[in-house]
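Letters A, B, C and D mark the chains as written, and numbering starts fresh at 1 in each.
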Amino acid sequence: MAVRYNAMELMICAAARLLEDGRSVTVGTGVPCAAAMLAQRTTAPNLLIFFEAGGVAPLLPTMPISVGDSRTFHRGLMATSMADVMEACQRGMMDYAFLGGAQIDAYGNLNSTMIGQDYAKPKVRFPGSGGANDLASFCWRVIVVTNHDRRRFVEKVDFITTPGYLTGPGAREAAGLPAGCGPYRVITDLAVMGFDEATKRIKVLSLHPGVDRQQVEERTGFQLLWANPLDETPPPTDEALWILRQEVDPHRYLIGRC
Amino acid sequence: MAVRYNAMELMICAAARLLEDGRSVTVGTGVPCAAAMLAQRTTAPNLLIFFEAGGVAPLLPTMPISVGDSRTFHRGLMATSMADVMEACQRGMMDYAFLGGAQIDAYGNLNSTMIGQDYAKPKVRFPGSGGANDLASFCWRVIVVTNHDRRRFVEKVDFITTPGYLTGPGAREAAGLPAGCGPYRVITDLAVMGFDEATKRIKVLSLHPGVDRQQVEERTGFQLLWANPLDETPPPTDEALWILRQEVDPHRYLIGRC
Amino acid sequence: MTFPTATGRLFSDPSANAARQFFRTKPRTLRDKVMSVSDAVRALVHDGDYLAIGGFGADRIPTAAVHEIVRQRKQNLSFAGHTATHDFQILCAGNLTGRGQTLARVDVAYIVGLEARGLSPHARRVMESGTVECTEWTNYTLAVRLKAAAMGLPFLPCRSMLGTDTFRRSAAKVITCPFTGETLLALPALYPDVAIIHVHEADRFGNCRIRGTTVADLDLARAAKRVIITCERLIPNDEIRREPSLTLIPFFCVDAVCEVPFGSYPGNMPGEYFSDEEHLQLWLKMEEDEQQYRQFLDRYLFGPKDFNEYLQLCGGLERLRQLRAQELLLHQGR
Amino acid sequence: MTFPTATGRLFSDPSANAARQFFRTKPRTLRDKVMSVSDAVRALVHDGDYLAIGGFGADRIPTAAVHEIVRQRKQNLSFAGHTATHDFQILCAGNLTGRGQTLARVDVAYIVGLEARGLSPHARRVMESGTVECTEWTNYTLAVRLKAAAMGLPFLPCRSMLGTDTFRRSAAKVITCPFTGETLLALPALYPDVAIIHVHEADRFGNCRIRGTTVADLDLARAAKRVIITCERLIPNDEIRREPSLTLIPFFCVDAVCEVPFGSYPGNMPGEYFSDEEHLQLWLKMEEDEQQYRQFLDRYLFGPKDFNEYLQLCGGLERLRQLRAQELLLHQGR
């Protein structure tokens, strides 16, 4: 069988399917934005899209380059402040947030701050939280989209920039974070993962077509839990691929990366 | 000598003279607004006028009826929120506020809430603080304009709606109010009063032309301090009276009350 | 260091977690929310609710909806009284008529007065009767309580009210700044059950524009669990999308949109019409005698079947034309 | 109950009382504040200052003033790094050139990156050198710190950062809500010494209009002790007075007004011009080699005597015309 789609296309389509219609999502540039645009054009026409710099419900003519550029409120319903958007999140009105990171651990904690042991003189300095920590603290369901490799999926992140389930069940609430939220799914080029109810550790829910358990284990730096039965990630539909290629990312900025 | 002006005109003119040029003031409707308008047209052309509902620096075509009506931002420099104005005050940017009240005590504490001993079933219910308590807490110099009578100038107000110097020196700061502010002047139909540095009690600074000490004492329900020497309040200038009558209050809404 | 304590009762739950659970369920879909004022009040204002009303004084108030609350004889409401003037006066009419206690609890910042116009005799009778429970605040601290809720927090600090009886009769607390040691007032968040706000323009989904001062309404719309918008004009969604910077209240806060031209009458609507001072004086005058006031209410509030009939009784379009001229200063050389 | 503590250093004084003393002295007079960018930076940005810059990413940023800070070789600055992208990159150039340490302390929310464009090699070298002291925050918590200052408070609560290393490396504290017992983050107010904000329109007194998202700039303008405005266009004061609802930053917060058409270039200015992605890529590319980067800076930053010369180097009006067409989607059937 000829390959109908690449890994990036599969990830975007898998992410888009997670977004329930009639709910709200805060997106960044890149994959999250593409997934939200695709969802709006397929399964979630009433998806309400926010950008953290203040853009609300734009009719996106193209994918934004910045979370604050003028595309993020192009023909939008409101162009407001960062605080207004973040406070809608803090109030409990934001259902989904999309995040990434340089490292992720078994509890979904994310590092986008630094690699190294000396904070004052990092081996690698990354940007920091941006709005990620805020969104992961406030939004009901956090979806992480990232490439799957051993350097990234680590037992212990060098720096918890953004909270997953911290040290496990109850840890978020004990730290004072709003109850009932946390990481929901992790989508990689190999699998779709969720979190085990009892331990709050990452659990593989479905493998992408053609991927096996061993591949995933080899590219993960910690012990994975596995759903039983383990599903296969549904491949993108023809319609989704067509829309993704023609309307969402016609210049192949994202889907051309694979 | 024929009487050139009435008591209300004198009060407004005396209040206007207190406002230093280039400073800011939050005014309500009535006398405060008239005083600020008069000051702007005479001694304080650069007076910056705020209204607590959000009006900033209007070119007032007539006196507002409400602190929030459209006159309060007519050709203004900004029409904003109540919080924005109050926060400018809380930040320390408001020099003057004008207040009144049903009762005032020797420390300049004001009551505009209730008369009676039972809060749950007041003998007389007044509106409450409105923004008065906020302005008296935040603004550097509070000016009280009120009629002078014994029911009003009382030893102990039934309810401290709005802070003067509370129980005396240091009491505002001990309560946690911002340091360095408090009542500055009390202007009545009889006199202009300030506050004694050492005791923070009301001290008569000047008597209006034709008023004597005994009159003031008879109409005051507490022991007054007296400046030495005691001045006479300067009468309104012809120019001030002309502007007040022709431009500020041409319909004699205020100055017709006497 | 011990701080003084306040004895006022808190009429609403400041919990941010409880509010989050509610806001999680609030719909985010773009749906048509246009309905009549009576349907909106019937569906969204319930006996026992905590009610808050937008505007300031008699400026940009949702008069039609307030009439309807009294007409539908809603009972046992808590109310946020921040410079509530003519709206408060109307609600107090409900403590005289029908089932007899529209207002049961009031967070007071400014009530019973109409600013420069004087005090409302009937509102004073109601508030002096001892039948309405009060807790004291100030205009700004009530605004801060709404801001706390709009931010999704259980409290915010502030620097006023300290040292006064207003504090003592409030439900605030005194705290210390964890960084500077400065003494501060802590204000509990106010999440009203329902808010009613009059705006200049809204689309059918509830995206709103306001001209002039916004008072505390942007926070109020975000703080309230349910929001009724009355607007001077419905506008197309396209017009909202043309200039998203002008949207001050977003649709996802809003539950009902009612088109009510002249909806702030007899109050002032910036850029549209000035307040009808004669009618407001008539209202105050009629309140002086209770029997006379009942007749006045029968004629002006219970008689009309809707707000247009009320406007007609008050002089109709001719009177509104005069108020528009007055608002725009058309006869003062402008 | 004991709470974890944070070890980051606070780079500015959160005291509301100290801020009040300063704001008491700030002039309230309507005076002409128009001056050149170089005069404004010379007069209002001092060595050792805490600096904050408006906009988000490379959107609506005051590029000309940031260039000028490096050109005037300001030293030892503290900086608020909330999604600071191209502006941060420029400031980092000052840690290479001249006296060599423009940035000394950074409150980090987002630095060294340019969002979807990648990371800045030079900014990373600077930040990995150990010569710049950092304290961690987030985009929203830095915005809340500015809001606390804008409100005239020493702190505000918030519900993020808890439980993370971001908290541990911050200078925040954990507190309990006095009403609900809910655990909260306490954020110290941030009163910057100087803020620079690019806006669409301003009058000569400093009354400003912004179109599109306002990010944290309305609070920033109120929080900062001194404010430099750069604007696309000076407009008459009459135009401000025509529609006071559009004024988002009032003159009494502002100390200098500089007219800089295309002042956000190579960043995006909503409704005016899109970002110049080619020039931003060139900048990133040039940074890869330090020697090459010095030459690039000599040509593009130290060479031009003012911002117009820089624009000329980057393609001048022809390039700006293209970016305008791109912003307005003129070639996409609109």
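In this section, a contact is a pair of C-beta atoms (placed from the backbone, for glycine too) under 8 Å apart; a residue touches a chain by one contact, two chains touch by 3 or more.
Computed from a predicted structure; not experimentally measured.
Novice: Give the fewest steps needed to get from chain A to chain B, where each step moves from one chain to a chain it touches.
Specialist: 2
Novice: Among the chains, which has its CA centre at the largest distance from chain D's?
Specialist: B
Novice: Between chain C and chain D, what's the gap in Å when you average each chain's C-alpha atoms?
Specialist: Spacing between the chain centres: roughly 38 Å.
Novice: What's the distance between the Cα centroids of chain A and chain D, rounded to whole Å?
Specialist: 28
Novice: Roughly how many whole angstrom separate the Cα centroids of chain B and chain D?
Specialist: Comparing mean C-alpha positions, chain D is 41 Å from chain B.
Novice: Got the chain C residues that touch at least 2 other chains?
Specialist: Correct list: 16-17, 152-153, 158-159, 182, 184, 211-212, 244-245.
Novice: Which chain A residues touch at least two other chains?
Specialist: Where chain A meets two or more other chains at a single residue, that happens at 73, 79-80, 83, 90, 138, 178.
Novice: Connecting every touching chain pair, does the picture come out as line, ring, star, complete or other?
Specialist: Per interface graph, the chains form some other shape.
Novice: Okay, what are all the chain pairs that touch?
Specialist: Between chains, contact exists in these pairs: A-C, A-D, B-C, B-D, C-D.
Novice: In their shared complex, at which residues does chain C touch chain B?
Specialist: 55-60, 81, 83, 85, 108-113, 115-117, 119, 124, 127-130, 133-134, 136-141, 143-144, 147, 158-166, 169, 174, 182-185, 211-216, 218-219, 268-271, 274-275, 277, 327, 329, 332, 334
Novice: Quick one: in the complex, what on chain C touches chain D?
Specialist: 10, 14-17, 152-159, 173, 175, 177-180, 182, 184, 186, 188, 210-212, 244-245
Novice: Could you please specify the touching residues of chain B with respect to chain D in the complex?
Specialist: Against chain D, chain B makes touches at 22-24, 46, 48, 55-56, 58-59, 73, 75-80, 83-84, 87-93, 95, 138, 140, 178-180.
Novice: Report the residues of chain B in contact with chain C in the complex, numbered from low to high.
Specialist: Against chain C, chain B makes touches at 28-30, 51-55, 61, 65-70, 72-73, 79-83, 86, 90, 109, 113, 118-134, 137-138, 159-163, 166, 171-172, 174-178.
Novice: Once bound in the complex, which stretches of chain C touch chain A?
Specialist: Against chain A, chain C makes touches at 16-17, 19-24, 26-30, 149-153, 205, 207, 222, 240-242, 244-245, 247, 250-252.
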